[in-house]
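Each structure below appears as structure tokens.
The following pair of complexes shares a single chain, chain A, combined with chain B in the former and chain C in the latter.
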Partner chain A sequence: MIEIEGLTVQYGARVALDDVSFSVKGPAVGLLGPNGAGKTTLIRGLLGFLKPARGRGTVLGNSIVAERLKVRQLVGYLPEDDCLIPDMSAVRFLTYFGELCGMPKTDATQRAHEVLHYVGLGEARYRNVETFSAGMKQRIKLAQALIHDPKLLLLDEPTNGMDPAGREEMLRLIGDISREKGIGVLVSTHLLPDVEAVCDEVVVLNKGTVAVHGKIAELQGENRKVYEVRVQGNRNRFCEILVRHGYEWKEWKDNMIKVLVPENEGTAKIFAAAKESDNQIRHLVFEKSSLEQVFVESVKDRKE
Partner chain B sequence: MGTMNSGLAVFLWTFRRKWKGLSIFIAAVGLLILVIINVYPEFSELRGKAIAKALGGDIEVSLTRNDEASGDYALSWSKFGGADGYVVVQSNREIPLSLIKGLDVPQVNLRLLELLPSGGTITVHTFDASTTSADFTVAEKKPGEEGAPVHFCVVAFTGSVSNAKIEGASDTVNTRQPVAKGAYDKLMKHPLMKTFIGDLGVDMYSIKGFMSFELFSSLTLFIIIYFLVQYGGAFSSEMENRTIDLILSTPLSRRRLFISRYLSWLTVNLIVMASWTFFMHAGVVSIGKSAEAPLADIARTTFLFLPFALTVQGFCMLASVAANDSRKAYGITFGIYYGMYFLRVVSVLSERLSFLRYFTVFQYWDYNSVFVDGVVRWGGIALLIFLSVSLFIAGLVVFEKKDLAL
Partner chain C sequence: MPVYDQSYKHWEGTFKSHAFRWWVITKYGIKTAFKKKSLKLLSMLAVVPFIAFAVYIYGLTNLGKVAFFVSELGGHTPVADIAAREYEVEVQGDAAAFVQGLSDEGIPVSGQGPTYRIALPDEGNSKLILGIARKTGTEIARIVPPGVKETFYSQFLRVESGLLFFILVLVVGSGLIAKDIKFNALQIYLAKPITGTDYVVGKLGVLLFFLLMVTLVPGIILFLFQAILIGDSLYFRHYWWVPAAIFGYSLLVAFSASSMILALSALSGNVRNAAAGGAAVFWFTPMVGRILQQSTRNDNYMLVSLPDNWTSVGSAIFGRERWFDVPWGWSLLILMTVMLLCTAALVRRVRGVEVVK
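Now for the complex of A and B:
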């Protein structure tokens, strides 16, 4: 779906993307990262808005530099900003964008009605777009991205400013688009649950570089065997024995530690280590790692 | 087919977006054209007489030099019936009498006469109605100093000095002289007049001269203001509010977007020019002067406005794509035109700096010669076309190369 190799984008002297490389197949990919990580820059680079200083990339097999227009023919874009054109009804707005995509006016108008109904704005289609609520604006931007029946959607913070019900509905739509309509989706967001809800692959950016990349199930799987442990007694001795058993551990809150256990093993060695070090286990909880932990840890590691 | 559709959509949409503003502009300017042309008959009768009167003197003024060594002068003037007082304007350079009388201001603060642009030193002296003579001492003129050694203008007024009505005036040059042949031309060629109306070598009492003076000079400003306001921030405002991201995320190339908009604006230009032709012709017909200002002459002049208008359009588009926010774009375009206007004023006021006029676009669009004399200065037109094409290409290159950063 998207292949990037050594992509570097600079704003003057500031490097926004530094030697970014990854390849994603989709159908739904999350693009995560803290503010300023380079997510929006990456999307703008994929659309050909920015000239890379180095590197190359393809979207659906088309070069993001040499075949920009072909890329845009195949891609729909939902920008983060509130960039609607005022004094236009929703249907007129979408018809205009359909025409910009090369559709004849009648086809564009018909398609505008269809996508407005699809995103749940059928009743509001003759209202001017500037009168829309934040949630409606996000939905009409999604409709605009869908107007020309693209093969891939680039969604930049699609649930931004939406209330919980609106957000849920937007995520349902994105899920439906990627799973039922067969359209690839790249969701850039800082809301990790959004990515967990609709994506099967994630790229985490931090400070313009790729911090983590992989299938969500695998990333979560790598950390599934994590136990929160609190012992009473000689904790240092307990930890030394854990290491001797080949386990990693990390400090956690409230005098607890996190013990990373190989996937094919259970808790036996933790109890053995406690016994050997004359410690009592006061707390032992299996922790199902969320994507957030992967994200936080990967970003934290980079910062360190 | 697809790209043709997208270009056409941009063309039509750009046009539709500005349709309301364009309609108002056309209607307002059209109305103004009709009103101004319908003023012409009255102007040629009354205003003509008033200016002719202003150019002559009303009071007999005599100046004698009492003492060659000290520069003592005796000024005397004849009584002006009904005057409440006299003001004597003393200057070391000649002040055109027409500037004092011809401006036809009903109520004036006579102290303002000190501000008249004589290029020399002005002193204003006030006398009551009974006084008809006064002595003055004038500093000796330095060797090589230009201008009259001394110049006095006597103004008879009613009311008070701070709220006077000028009833009559003469000076030591024009005392009770009949209106001299060519005096009107002299007035028109005065630097102050040229600053406002250009180097107008036309007879303003003919309908063509009048239209040139009253209409085409204003229309030049109108077309500049209209384009600056309507289009000065067209691209930059879209970059500012990110609408450009949405538009360019479609398969529409920047080149096609730019050219489509350019053509749309060009169409607006042509509509404006056609409307001017229509309204001017209607106005001329309404006062029965269509034989003196035929439709063909009007149409030729208004449509030859196009190269000038395209330079305005070119500056607007270039600034609009170069700047990332609309305030900057407006600032750049206003600055360019204000700067050129300033250069023009300076070049008219100073012979030494007259070469500066070649750095302004106003120099190359001579509507007077086209409309009044029927002579098209193709050199100037060609230069404007070259400039507008250059601006178009520069705008296109800047837009295509521009990174749409965050």
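Now for the complex of A and C:
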């Protein structure tokens, strides 16, 4: 779906993306990162808005530099900002952009009605877009991204400014688009639950570089269990024995560590390590690793 | 009754070629502009000069008829009054036979030779004069058809590219790009399969449509109207370059005004500021030019005025006297430079993302 190799984008002297490389197949990919990580820059780079200083990239097999128009023909883009054309009804707005994509007027008009129904704006389709609420504006932006039946959607903060019900509905739509309609989706957001809800793959950006990339299930440790452990005694010795048993561990808050245990194993080796290192186990809680932890840790690692 | 499936459906059609995507922007821009009441009013007002000039042409033709009618009653034809049917003929050699031939046909003729002014009746045209010349063995060196001359069209276009034209430029043009910048629409436009050039050409098309509708179109219609009233193919042959001049002048004026207001619209990102900038160029620069010219007695200062540069080039195109004492080439050079700078500003500003370095 998207292949990036050594992509570097600069705003003057400031490097916004630094040697970014990844390849994602989809169908739904989350682009996570704190503010200023380079998510929006990456999307704009994929659309050909920004000229890379170095590196190359392809979207659906088309170069993001040499074949920008082909990329844009195949891609729908939902920008982060409020974007509209005043004095235009929703139907006219979509028909206009359909025609701009090269659709015949009758087809664009018919599809405008269909897409507006799909995104839940069927009843408001003759209203001028500037009168829409924040949630409706997000929906109309999704509709304009879908108008030409793209093969891939680039969604920049799609649930921005939406109330909980609207957000849930938007995520349902994105999930439906990627799972049922066969359209690839790249969701850029800083809201981890959004990514967890609709994506099966994630790229975490931090300070313009790729911090983590992988399948969400793997990152969350689907084939490993995580235990929060606090021991009293010689903690270093306890950790050494854990490693000897083939377990990974990480520092956690309040003098605790996180121990990653293979799916088919229990806590026996943790207790054995404690006994061997002459430690008392004071805290032992099973915890499935959430994407949030992966995100926080990856970002923290980079900061350090 | 089956329930219509309102879920997402894939589109099976074929996309049109990329070549005319700009036309979509122009088409929607024109439709949107016509929603403005002020524009409807301006369009109606812009027709007034056209009607006035058309009535003038029609009146001249009918003056001829009136004159003939009077001449038949009074036995005298005031040739000077028959402007619309008056041919100017220059003969070579002895013209006495030719003049006699005309008189035998009852055609009024005036002048001392070798140039004569010949007033034909309504149904007559140059063929009648040439027939008499052939019959009398006279060689015609030059024959000028009747009707208004090229200066008339120059005057008409000056009127049409005046106050209403400027207001039209400001009303239509100032918001064309500024609104898209204000409402962040540029990134949606350019995320579609169109280039920045398509976008600019599309917006330019909106302005050119309105500006050419008040310059080129009425100019050509007036020319054709005059030709029909004259009813002589000689008119086309003699004034073949007038439509080309109307076309050239209208395009020059419309292009330079459009590119300037679009650049202001893109650079300011604000409708009011763009309109104020445009108004300053259209009204302030002629004032400054005039004041400097008057105070220094140096015509070079008139080059700062955009409208005066139009008139200067227009005078050259229509073969009139110089508008001010500076070669028209300088005015053309300035207009071309303005258009080039405006294009550069548009290329710089029309981007999917604003890069602040």
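Going forward, the second predicted complex is superposed on the first by the 267 of 304 C-alpha atoms of A that agree within 3 Å, B and C clash if a C-alpha of one lies under 4 Å from a C-alpha of the other, contacts with A are read in each partner's own complex, and residues count from 1 in each chain.
Methods note: a residue touches a chain if its C-beta (ideal position, glycine included) is under 8 Å from a C-beta of that chain, and two chains touch if they have at least 3 such contacts.
Here the structure is a predicted model, which means the values were calculated and not measured.
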>> Let's test your reading of the overlay: on chain A, do chain B and chain C clash or fit side by side?
In response: clash
> In the superposed arrangement, which partner chain does A:Y96 touch: chain B (first), chain C (second), both, or neither?
Replying inline: both
> Touching A:R111 in the superposition: chain B (first), chain C (second), both, neither?
Replying inline: second
> Of chain B and chain C, which one touches more of chain A's residues?
Replying inline: C
> Who does A:I177 touch here: chain B (first), chain C (second), both, or neither?
Replying inline: second
> Touch check for A:E265: first (chain B), second (chain C), both, or neither?
Replying inline: neither
>> Looking at A:R72, would you say it contacts chain B, chain C, both, or neither? Reply first, second, both or neither.
In response: both
>> With both complexes superposed on chain A, which partner does A:E248 reach: first (chain B), second (chain C), both or neither?
In response: neither
>> Which segment, 26-34, 80-88, 116-124 or 224-232, is the chain C region that clashes with chain B in the superposed model?
In response: 26-34
> What residues on chain A does chain C touch that chain B touches too?
Replying inline: 11, 44, 47, 49-50, 69-70, 72-73, 75-77, 79, 81-85, 87, 96-97, 99-104, 141, 144, 148
> What part of chain A is in contact with chain C in the complex they form?
Replying inline: 11-14, 44, 47-50, 69-70, 72-73, 75-77, 79, 81-88, 96-97, 99-104, 107, 111, 114-115, 117-118, 122, 130, 141, 144, 146, 148-149, 176-177, 180-181
>> Can you tell me which positions in chain B touch chain A when the two form their complex?
In response: 1-3, 5-6, 8-10, 13, 17, 241-243, 245-253, 403-406
> Which positions of chain C touch chain A when the two form their complex?
Replying inline: 6-11, 13, 15-18, 21, 24-25, 28, 32, 35, 179-180, 183-185, 187-195, 351-353, 355-357
> Within the complex, which stretch of chain A touches chain B?
Replying inline: 11, 40-41, 44, 47, 49-51, 69-70, 72-73, 75-77, 79, 81-85, 87, 96-97, 99-105, 141, 144, 148
